[in-house]
Amino acid sequence: MEALSLLQWLIDGLIGIGLLWLAWRALFCPELFKAIVLFIAFGLLMTLAWVRLKAPDVALAEVAIGAGLTGALLLSSWAKLRDFDANKGMGVREKNRVQSEQKTKRPFFHWLSATPVLLMAVGLGYGVLQLSPYATGLSTAVAENLDASGVSNPVTAVLLNFRAYDTLLEIAVLLLALIGIWSLEIRPSVREATLDPVLDLLARLLTPLLLLVSAYLLWVGAHASGGAFQAGSVLGAAGVLLILAGWRLPLSLAGLPLRITLVVGLSTFIAVAVLMMLDRGQLLAFPPSQASLIIFVLETTATLSIAAILAALFLGSRPDHSEKI
Amino acid sequence: METFYLVLVLFLLLNLAAGMWRVLLGPTAADRMMAAQLFGTTAVAVLLLLGQVEGRSALHDVAFVFALLSAVTAVAFVRRAWSEQEKKHDSK
Amino acid sequence: MGDFLLTMPWAVVLILLPLVGAIVCFLWPKNVNQLGLVTLAGVFLSVVGLGAWLLENGVYHHAVGGWNAPLGIHLYADGLSLVMLGITALVGLFVSVYATAYFDRVQSEQFWPLWLFLLTALNALFLSADMFNLYVTLELLGLSAVALVALAGGKAALNGAMRYLLASLLGSLLFLFGVALLYHTYGSLDLAILSEQIEASPTVWMALGLISAGLLLKTALFPLHFWLPPAHASAFSPISALLSALVVKASFYLLLRLWLELFWPISGSVAGLLGILGVMAILWGSLQALRQTRVKMLVAYSTVAQIGYLFLAFPLAMGAGVTAWNAVMYLAISHALAKAAMFMAAGNLLRFGGHDRIADLDQLAQRLPLTVAAFALAGVSLIGLPPSGGFIGKWLLLEAALMQGRWDLAVVIVLGGVLAAMYLFKVLGYAFTEASTPSKVTAVPVRMEWAALLLASGAILLGFLAPLILPLLAIGTPFDAFSSAQEVMS
Amino acid sequence: MSIAVLYALVGIGLFCLGVYALMIHAHLLRKILALNIMGSGVFMVLLALAGRTEIMPDPVPAAMVITGIVVAVSATAFALALMLKISAVTGRAELNDEEEK
Amino acid sequence: MTLSDYLSVLFLLAGAVFFLAGTVGLLRFPDVYTRLHALTKADNVGLGLIVIGLAMQAESYASVGKLLLIWLLVLLAGSSISHLIAKKALQKGVRMWRR
């Protein structure tokens, strides 16, 4: 038993130190590309930390959204930045870029900001150590009401029943981010004309697999780890893969059909909320007998919308404008 | 048996830490990305082992998604981020 | 009819209606202006309905999903939320009318969905009684506000938007950290439950620090105001109006609510600090405003100064209790009206002359009389001259300061008014003189002039409405917990 | 000290590293990375402290973290797009510190 | 411990050795192409061995199937990615190591 707990400590200590080290290097190493790769590695290690903290649902979300999508987003943004540089730059651009990537505020400012941050770290550490060692969370309240929630995975029950209102607003945040990006009117990049047979094959093989996994996660979410966000982001990753392989949405679908897909999750959520309001006098109050069906409908539409939004976030520019310019 | 699995997990994590040197060393962008790939494969193994220790099949799903999505990141790297001529090479 | 007013769940309508409006505007951008105005009218009526309900029944509670706290999320409305919702709907309506004339076709297609998302976030924030839910509304609010600033598209606007985005995200994360500490201390996210259990401990102090820092950053209290002037001055004028009048107030409202209801056992002892920052904000903001050469930048710095006033109430509430809070809410709403009107007037100047350089305001008093009148009336309220809403607010604040013998604060209150008069007369003075370099002029749509003028008159009218508004504010006695706690202490 | 507290302290470390980096770096991509790492730190504190008891993990923090991750990715995507736009307009992916004329 | 336990320990250990070999290769080999070679081959075999070791302990056929599926997926992704990287490296003029 003693050896076992020592091993646990070693593993957790290694993960903790690894996280701090990766974060430190990602934030302070001179080259930006290296920083991004380190950040992706950070996300992957974070997944292991979530697993160690007994939160497989979070691990799934982190791996699907955090590692998969954020990594691809960062890499592609970095590449676009460099393209801007290359377009305007002459011979010295490489040197300039490296300088701008490392640029920080004046050294005096480093000390000025390090002091309060250190104080904050000490204060926060003290505050956390002062907490009573017994968690006073809501696990019993959730467990007592789980039967009436329509699902048996407590995390899904919280997300789609007990605190479904948060989830509604959160899907609104996703949609808002996309509308905000579209209103920036970024020119689409005209690159990656070449088609790679191996990449094509990979995309052809992985896309159906991603579809299957997404459906599986959606289905399994009711009683084990998984759910709309995980499923949606895996499906969204399929979209990202297709975009990377050079595939584009046909223009006929890029207008209203795409927009409807983007909003169907949020709209269904609102519609259900209003229906429940009319029926039971309370926003989003699902009758326990039909709760599992309602949650399934909500999750399915949410998965579709989340996937479409994430893929569109990755694309950046509005797909119905991209061919015209 | 549980102890053995955990020893194995610890070993793989140390292995991973060693692999991180490559990210720092480079010298080409591909080397850095490759090390992140190493992360992918090793982490899948770690997740499977931890799943065995904790008796949770949910971790298999995590490992599965992990394997799928680290591929997407790598494709993003090859297609988007790596487009300039490499000037840095391994020193002889 | 009366029955209908009392049975409709107005609070829910207030959140869902603008959200539906945003989705519809996104899907069918053909008739955004009409759709948007209808939505705004609906929101306005819902606030009236909610007001009627509150007057009849006291505070409003709604357990979302039928799950009671701590498991579920509660919507909650009292007089404080009602007044904030009301001012949001009123200013929102006028700005919307203004916007229909201000934006061209493409711009309005982009403006409306974002603005309706912003409105959703504001309403949801004023109605929420759950700490984590508040975090989500803060993020919704921040992102939509930043996206609106970025609409202007120029160098200055994009830089301002980015600065604003970084500040806003940092603020949200600080807030979330505080929420995490509170949750793990008391096992609940519900404001009412937390406020019953809360007591001084190192963890609670850390939570207070984090949450206050996050919200002060979003409220742009000196010295955390660095992001505000560039963002507010470079955005499109109706958007500047929304940001200065409403968005900044939303985080102030939240700060007020949490200090009063949640942190009441400990917040009294550090209230003095906020007072000092408030004083510095008044002085610094006013002096910076005096130095500006462009109207919108001047108005933006004036916002920094006026935010300072809102924080003077914190030290004063120790002894004067409700008077100080009434004063501060009065100042907040009259500032909302006046500042929105002022930014709209500034937008008219920009449209008219193509620039907003103060020195080149070419005889505008004769050529754009309505706009200059709007600017002047809004100025009256900002300076605090009778009979405006600003006057009532400052008068109540002064009364509270004198009651406690805080002569220092009383001097600052008066001095701030004098400085405001100085920087506003600087603009008005140039509006009467002939410029050395006449510029080409464009006609300003009548709707834009009248919207600014009516809103500015509203700020004056507020001066007569105190007997009507103060009782509304008292519904559910939002200020009691704090005041009684202070009495026990002193 | 338990493993939960260990992870909570790691979370605090990440948060503070992020705040520091956010303040001193000029490049916007670096600032965005810093915000993401700060976010991870907060999520870690939120979830780690839920594991203080051995009996039953509390699902509410897990749900909050999932919501937080989605919000974070939305904000990141928007911030990256805004950065690209700034870089396209001004030619630099950093904020201009000098006052606008 | 039963015979299958011993066998599974054996497979797991062998897997760990392959992982170690992969990392050593990644650190010591002289150029991108050889390092790719070390990483993808050794680690995928290592993972395969670990999967076999764990499959022997699995309770149901479904979970054996899932384990094998994961391995197949990693193989597929790993091989295509390493091909893409190597091809791109050639295009971008990354020099090959010569003795």
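A, B, C, D and E are the chain letters, set down in written order, and residue numbers restart from 1 in every chain.
Note that in this section contacts are C-beta pairs under 8 Å (C-beta built on N, C-alpha and C of every residue); 3 or more make two chains touch, one makes a residue touch a chain.
Here the structure is a predicted model, which is why all the values come from computation and not from measurement.
Q: Just tell me the minimum hop count from subunit A to subunit D, counting one hop per pair of touching chains.
A: The fewest touching-chain steps linking subunit A to subunit D number 1.
Q: Which chain has its C-alpha centroid farthest away from the centroid of subunit B?
A: Here the answer is chain C, farthest from subunit B.
Q: Which two chains have the greatest number of C-beta pairs in contact?
A: Of all chain pairs, the one joined by the most C-beta contacts is A-D.
Q: Taking each chain's centre as the mean of its Cα atoms, which chain lies farthest from subunit A?
A: The most distant chain relative to subunit A turns out to be C.
Q: For subunit C versus subunit E, what separation do you get between their C-alpha means, in angstrom?
A: 58
Q: Between subunit B and subunit C, what is the separation of their C-alpha centroids in Å?
A: Those two chain centres are 48 Å apart.
Q: Rounded to the nearest whole Å, what is the centre-to-centre distance of subunit C and subunit D, using the mean of the C-alpha atoms as each centre?
A: The answer is 27 Å.
Q: Please list all residues of subunit A that touch 2 or more other chains.
A: As it turns out, subunit A has residues touching two or more other chains at 8, 52, 54, 57, 78, 124, 128, 131, 135, 137-138, 142, 163, 166, 170, 173, 176-177, 180, 184, 199, 202, 206, 209.
Q: Show the residues in subunit E shared as contacts by 2 or more other chains, in ascending order.
A: Residue numbers touching two or more other chains: 73, 77, 80-81, 84.
Q: By the touch rule stated above, which residues of subunit D touch at least two different other chains?
A: In subunit D, residues 15, 19, 45, 49-50, 52, 60-61, 64, 67, 71, 74-75, 78, 82-83, 85 touch at least two other chains, as defined above.
Q: Name the touching chain pairs, please: which are they?
A: Pairs satisfying the touch definition: A-B, A-C, A-D, A-E, B-E, C-D.
Q: Under the touch definition given earlier, write down the residues of subunit A that touch subunit C in their complex.
A: The touching residues are 123-124, 126-128, 130-131, 135-138, 141-142, 145, 161-166, 169-170, 172-173, 175-177, 179-180, 182-185, 256, 259-260, 263, 266-267, 270, 273-274, 277, 280-286.
Q: Note which residues of subunit C are touching subunit D in the complex, please.
A: 132, 136, 139, 143, 146-147, 150, 153-156, 158-159, 161-163, 165-166, 169-170, 173, 176-177, 180-181, 183-184, 189, 230, 234
Q: Which subunit B residues qualify as touching subunit A in the complex?
A: Against subunit A, the touching part of subunit B is residues 2-3, 6-7, 9-10, 13-14, 16-17, 20, 23-24, 26, 29, 32-33, 35-36, 39-40, 43, 46-47, 50, 54, 56-59, 61-62, 64-66, 68-73, 75-81, 83-84.
Q: Residue numbers of subunit B touching subunit E in their complex, please.
A: 1, 4-5, 8, 11-12, 15-16, 18-19, 21-22, 28, 30-31, 33-35, 37-38, 40-42, 44-45, 48-49, 52, 57, 60, 63-64, 67-68, 70-71, 74-75, 78, 82, 84-86, 89-90
Q: So in the complex, the part of subunit A that touches subunit B is made up of which residues?
A: 3-4, 7-8, 10-11, 14-15, 18, 22, 25, 29, 33-34, 37-38, 40-41, 44-45, 47-48, 51-52, 54, 56-57, 59-60, 63-64, 67-68, 71-72, 75-76, 78-79, 82-83, 86, 191-192, 199, 202, 206, 209-210, 213, 216-217, 220, 224-226, 230, 234, 237, 240-241, 244-245
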